[in-house]
């Protein structure tokens, strides 16, 4: 059975932290689906289509990566995509507590899908999309926190 | 002096986690008041009256339980009800940090009222009302996370 | 059924933190057994008999408190004493993580015995027997961290 | 080079916890700028001008303290004020996790500015502006949680 | 390149928690090496050979599992075995903090080896070898905490 | 009053993490005393004299640094050295919980001495002396984790 992982998130915008998790996890799976969760009631900071294009641009030429958007529960999306793994990065123990709740609820609803974690590298462990948006909103320079391929566009 | 505990929350909706905490704590107190905090500025997901009916249904025939709604500070409600204990469940260390702040502030304002904690059982420790609402909102099946007595109604 | 709680520890020595937990929990139970766990392979800093006498002195005239020593598992001691509760104080989230493991293991072995927690008061939350012993070992004055009744003796 | 620290926050309202951090840190710096961050999209509970007056009143006659408001990124404000330190208080490990992210992001953007932390004193460690506002909103008495100089005004 | 993971530990003794992590991770790797770290200066509770036999017995007939003992650094053992992954289970945020330090140090020494984490299932999250040994030492019944295949032997 | 800080530790051996904390804190104080705590009952991995020489070598030519050894309580040593600050680095929330206990106990015994914290930089946050000793014990190469000035000597 092929090993397909969903890497879910809002990627609003994708950060160097996300990029690192994806690249480092690629050898472990046959395919990684970067899955942009779309919330029907809350609009994002950047348009969904823009976020998708940025991720596609970053991984241009990288096989085994797909970028998709989805609505609804992550486990339902996994099932639809025949993915048996959810991939998540861990930065802090606050992350861990949050992720544990989500992973256990997912497991209660579908124990065929396993959540796999890898650690953020230390120098990227403070980076998150919320802070990146906050810097941009305040006219700061957040370019070092987003992947080099899209650095000129995210502002 | 009789031992009366208030178990405060929004119960939007009540989960199997809440139910377990209440049932396991019953022998410790003469009465437990399940107290639904009503926020005058923020409406809940389910109507207050519905939440109250569900809890009453779950504990039908169980003596020593009352279900009430209240506005304002929890310690003021305790005083009004002559309750000398606040009962809380603990799931994670994030819970603990949050509960400690609330309990210490309450103690500063009224040191006659003691907060008593019991642990969620492991298999219920990931369940919380926020995730339950999120599943329902996304048309998922959350029935296993709410008490069996109301499983057919909460959706 | 009467409510009997075991408050287990090494009490080497008992601190003002322990004393506060016991006094605040007294109204909740019909009897609290302060239970000094004796480790057959590791000797304590103070002799077991001394530790027991100190606790007895502190609670002289207080009804509903017994001081005992025990060997073996805490849940076996509870069963022997017909205690249905284990009482523990919580100071920090590190405490919480540790206590959760113990409480869940105990529950797996005997689900008739419930562990009940109350919070240390903030000004006592840093006090623990290890640091007290360390101060004494270094000829410091630890008297403010032990109950007033035994302040002159513990050094 | 003189040691100038910025103590940033929303101070909505300033608490006894904030006051304690500032007073205890004064000997360490040549000047502390209490900096009220103004969010252009989200109004506060108390008007910015009121919050500023309260802080000025509390520190009347105390040299080496300035109270200012600022918009935009904290590190940009620091640069403008020639401040080389950001001062922060730590209450809980949840605080720590949050502060670490902010401090590391700030450091990535400007490694000339160092963040310095001191601990809240235990008896003040549960106090935060959110809970204070919550008490006021519910007609409770929060006066013990705000500095004595402004106790009669904050309600 | 084949995906080989080392699952290092002292397994003194192996618990149902360990067993669950291994079984759930099997589909992710081509081979898992259960690696018993041998400390030359500190003897274990059970003899190394016994611990190895127990693990072999549990996984009798399961392909893709090897049980080995090793001395020295885990990353040196990985290199020797041509393993590119270290597998670890996560139970609590205390676990997480500990594992992060180890994983980052390993990464600093050899960034070809990635540490992959999966979560313990909730009902097993309190089980650890230290507590199991403690129960056995106190003549308690720890059989429910060790894999069924060896339940009669571990005591 | 001059600002003198004690930076206490066992420095067995000093790491790049320690070195970074000291260098970054130098501008904040008039003098930093790197204070090697000597435990009369427990010998270190490296001899005290060696540890002291290494630190002196690293900071050769750096004004405002002194290296001393001390026995007994840190606050007694501070008083003797007329130091009004204790300097500590924070890496993780586990660190924070530990340091808070120590700092609060110190404050209870002498409220003239303030503990000041700065954060480890992310890429150094996993480094600690225990792991360094463990690598050396297992014949690994720990040189990247100790300051460059002593890299050839620590093994």
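Letters A, B, C, D, E and F name the chains as they come in the text, with residue numbers starting at 1 for each one.
Assume contacts are C-beta pairs under 8 Å (C-beta built on N, C-alpha and C of every residue); 3 or more make two chains touch, one makes a residue touch a chain.
As the structure is a computational prediction, the values presented were derived from the model and not from experiment.
Novice: Repeat of D-F among C-E, B-C or C-D, where over half of the residue-numbered contact pairs coincide, is which pair?
Specialist: It is B-C that reproduces the contact pattern of D-F.
Novice: Which of the two pairs, B-E or A-B, is linked by more C-beta contacts?
Specialist: Pair with the higher count of C-beta contacts: A-B.
Novice: Give the label of the chain whose average Cα location is farthest from that of chain E.
Specialist: For chain E, the chain whose C-alpha mean is farthest off is D.
Novice: Roughly how far is chain B from chain F, going centre to centre by Cα mean, in whole Å?
Specialist: Centres of chain B and chain F (C-alpha means) sit 47 Å apart.
Novice: Please tell me the distance, in whole Å, between the geometric centres of chain C and chain F computed from their C-alpha atoms.
Specialist: Here the centre of chain F sits 34 Å away from the centre of chain C.
Novice: Hey, how far is the Cα centre of chain A from the one of chain F, in Å?
Specialist: Roughly 39 Å, centre to centre.
Novice: Among the residues of chain F, pick out those that touch two or more other chains and give their numbers.
Specialist: As it turns out, chain F has residues touching two or more other chains at 92-94, 97, 100, 103-104, 122, 125-126.
Novice: Can you give me every chain pair that touches, using the contact definition above?
Specialist: Final set of chain pairs in contact is A-B, A-D, A-E, A-F, B-C, B-D, B-E, C-D, C-E, C-F, D-F, E-F.
Novice: Flag every residue of chain F that touches chain A in the complex, lowest number first.
Specialist: For this pair, the touching residues of chain F are 92-93, 122-123, 125-126.
Novice: Under the definition above, what is the set of chain F residues touching chain C in their complex?
Specialist: 71-73, 75-76, 93-94, 97-98, 100-105, 108-109
Novice: Show which residues of chain E lie in contact with chain C when the two form their complex.
Specialist: Counting only chain E, the residues touching chain C are 92-94, 125-128, 131, 135, 138-141, 144-145.
Novice: Name, in rising order, each residue of chain D that touches chain F in their complex.
Specialist: For this pair, the touching residues of chain D are 1, 3, 24, 27-28, 84-85, 90, 93, 96-97, 100, 103-104, 107, 114-119, 121-122.
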